[in-house]
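Listed next: structures, encoded as structure tokens.
Common to both upcoming complexes is subunit A, partnered first by subunit B, then by subunit C.
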Partner chain A sequence: MLALIAKDLLLEWRHKEQLAAPAVFALLAATLFVFAVDPTPAELTRLGPGALWVSFLFAGTLGLGKVFAPEERDDALTALLLAPVDRTALFLAKAASAALFMGFMEALMTPVFFALFDLPLLPILGRFVLVAGLATAGFSLLGTLLGFLTSRASARELLLPILALPLTLPLLIAAAKATRILLEGPAGPRFADLHLWLTLMLAFDVVFGVLCCWGFERVVEE
Partner chain B sequence: MIPLVIATAAAFLVALGAIALYAPLEAVQGVAQKIFYIHVPLAWCAFVAVGVLLVSSLRFLRRSEPRHDRLARAAAEVGIVFATLVLVTGSLWGKAVWGTWWTWDGRLTSTLVLWFLLAGYVLLRSLSEGPPARTARAAAVLGVIAAVDIPIIHLSVQWWRTLHPDPVVLRAGDIGGGLTPRMLTTLSISLAAFSLLLVTLIALRRRIAEAEDEVEALWHLPGRGDLAA
Partner chain C sequence: MAHAPAPVPPLRPAAPAPSPAATAHVALLELERVGKAFGRRVALRDVSLVLRRGCGIALLGPNGAGKTTLLRVAAGLMAPTSGRLVVDGSPRAAAVRLRRKVGYVGHQGLLYDTLTARQNLAFFARLYGAGGAERRSREMLRRFGLERHAERRVASFSRGMRQRLALARALLHAPDILLLDEPYTGLDAEGAQLLNRELAGLLENGAALLLATHRFEVPLALAADVAVLAGGELRHAGPTTGMGAHDLASLYDRVVACSR
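What follows is the complex of A and B.
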């Protein structure tokens, strides 16, 4: 399984510009948001978390399409499936690579976003990483499965976000709410709700982690 | 099939008659309240369609029998029609009673997301180009995942609203509470008529799916490949 992740990471490293493209896209989306809304600095605390997570998820769907793309050429997926690898391990390796790509993009862009929105990142960094980790894990699990389900569809670049974004709506809501609660600080009116949103994301990750492994096995058996 | 269609048509005549003539005029909302007798059964049918989608997808994944796949396909397509009508009738009623076409209330928003999920399912089926058997399996897995996700989405949307700092100005009032016996009878008749409509539409759609599969099979007969080109 580690070998599979390493293979994907190596491929990605050889095409570094593919890694940069989603990050640039996320930055662009956030910039457009500021131009369109023209928020005051106070409004940015309220609107910033939403803009950040919408940009991350949109950029994330761009990365997801590529998870199975290298296996399409020369039908490498069949070879992978024939290899003595557990299907669940194969799926989890793919999801882990997807999560790492997305996490890399987030690690790159989060400081930029917080600087652009003039929000304090350092005081909340530890908990923000937890929020981002939970959201990215769930999004990558579902997104990897959906990327596989849509791999034979025409217009799949369009179909993947249409499927992935509504299905992961609970993650978007929870991540944006949790980020905003963190920004408002322990004195904020909703601080007690933080654990609720974290629990929701954790439950989402567990439920869809199991369900996606199950689903992947059902689709690959042919 | 024809008796089913006739029964549905007859049930609708009775239901429309009951809604127009038998159901009393609600004191506050007036005639607009009568949309309720159409809106609620539509919502009920949309959720039943999702239930059918879930069960037949699971059955298809276990047995791989094409008839379960056709039922899932039919339920999803009919479900999206009902979900669309739920949103439209809800909007009309909202405009008349609340004074607004739309409010980002938990129930409305979940219904909208349900619509997106069904639309995604139908799009996946229609855009997939691989072998039909693989498309069917992919769609069945999506059907199960979407159906499991719906309660989670509903919960998160509910929390999203209720935990929102801004007060909810407009709430979907507790309309089910104060129903008079006549209203309840009308609702039951309408519910029966719409349920019959759901069954009829799914049955018709399933028959079309059978024909589609037959055509598909003929298309792939040996020696017919040149026709496809």
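What follows is the complex of A and C.
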């Protein structure tokens, strides 16, 4: 599993320009939001988290479309599937690689977003990392399976977001709500709800993690 | 079936002759009435084959006969729709165990073209849990005459070099069962000779070989048995003993003509 993740990181490093595209996309989306809505500070706390996570998910979808790209050329996927590695481990390794790329993009873009929206990041950093981790894990698990399913489709760039975005809607809502609660602070009216949204994200990750591992194992043998 | 333009170079040393002892060799992989359908299209129907230690089977058949599907099912890449695979006498419950034993060469190289030759082999050696992945990858590069190109990315390789590397990848973990789909494609005479030498050595060491080919010389050189597949069905299976390339070609033409 570690060998597979290390190989994916090496390949991604060789195509680092591809990493820039989702990050630039996320930045543009946030910038457009600020200029289009021209929000007040109160509106930023209310609307900013939604804009942040929509941008991240759209940008993440761009990256997920390429999760299996190295395996498509020269049918390297067959060589991977031939290896005496459990299919679940294979799937989790690819999902972990996808999560690392998305996490890297988020780590780069989050400070920029918060600066652009004039929102305080440092006071909520620890809990925000937890929210981002749960959201990224769920999106990567689901996106990796969908990326695999659509990898050989002719219109995969279109198919992947159409399939991924509705399915990740609960995750998007929970991440945006949790982020907003964090921004409102412990004195905010909904702070007690934070653990509910975190639990929802955790449940999403577990349920889709199990379903995706099971689905991947069946799909690759057909 | 089109006859191959270039002859396969002779084996050196000579191929192991099929012997009664060889046919009694232990079964490594058994395909029992294996069928495979993709939706309503049936690609394989009730195919039974036994791959025995130290024995080679040449798989002949026209394009679309189901040779590649059969090899992929035998490799554990596809689940059969019907029938079963038996590995070392036990049913195919442990797919990971089967994959550990199998070396597979497909139509494509099954390589990462943005990694170097050495990185490719080292990566797959790690996946197979081979100790000393770097040392093993360098050894295989040397065996297949690619040591000078170890640090070149596969994307810059010629078709023949890519095929050599594909063979090196397939043999990296010293598999017991070799499943080869047109392995001579793209190889020059030297490369084909090298492949023959490797395959003969593996057979002598007790590996089993299932080799899909369009070349009639290959079965006579490497395989004690020949199987002819047409329309997804096994139309003929028997020894190649005493046959010349011409006899085999006649047999093939008769079998394929009968299946139409």
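Going forward, the second predicted complex is superposed on the first by the 222 of 222 C-alpha atoms of A that agree within 3 Å, B and C clash if a C-alpha of one lies under 4 Å from a C-alpha of the other, contacts with A are read in each partner's own complex, and residues count from 1 in each chain.
By our rule, a residue touches a chain if its C-beta (ideal position, glycine included) is under 8 Å from a C-beta of that chain, and two chains touch if they have at least 3 such contacts.
Quick caveat, the model's predicted, so the values are computed rather than measured.
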Note to self: Can you tell me whether subunit B or subunit C touches more residues on subunit A?
What the structure shows: B
Next item on the list: Considering only the touch criterion stated at the top, classify A:Pro170 as touching first (subunit B), second (subunit C), both, or neither.
Entry: first
Item checked: Partner chain(s) touched by A:Asp38 [first = subunit B, second = subunit C, both, neither] -> neither
Notebook entry, point to check: Looking at the overlay, what does A:Leu211 touch: subunit B (first), subunit C (second), both, or neither?
Noted result: first
Next item on the list: Could you say whether A:Asp193 touches subunit B, subunit C, both of them, or neither, answering first, second, both or neither?
Entry: first
Item checked: Residues on subunit A lying within both footprints (that of subunit B and that of subunit C) -> 222
Checklist line | Contacting residues of subunit C [partner subunit A, same complex] | finding: 75-79, 96-97, 99-100, 102, 104, 106-115, 119, 123-124, 126-129, 154, 162, 169
Item checked: Contact set on subunit A toward subunit C in their complex -> 3-4, 7, 10-11, 14-15, 70, 73-76, 78-86, 221-222
Next item on the list: Write out the stretch or stretches of subunit B touching subunit A in their complex.
Entry: 61, 113, 116-117, 119-120, 123-124, 127-130, 133-135, 137-138, 140-142, 144-146, 148-149, 152-153, 155-157, 159-160, 163, 165
Next item on the list: Would you pull the subunit A residues touching subunit B in the complex into a rising list?
Entry: 142, 145-146, 148-150, 152-156, 159, 162-163, 166-167, 169-170, 173-174, 177, 189-190, 193, 196, 200, 203-204, 207-208, 211-212, 215, 218-219, 222
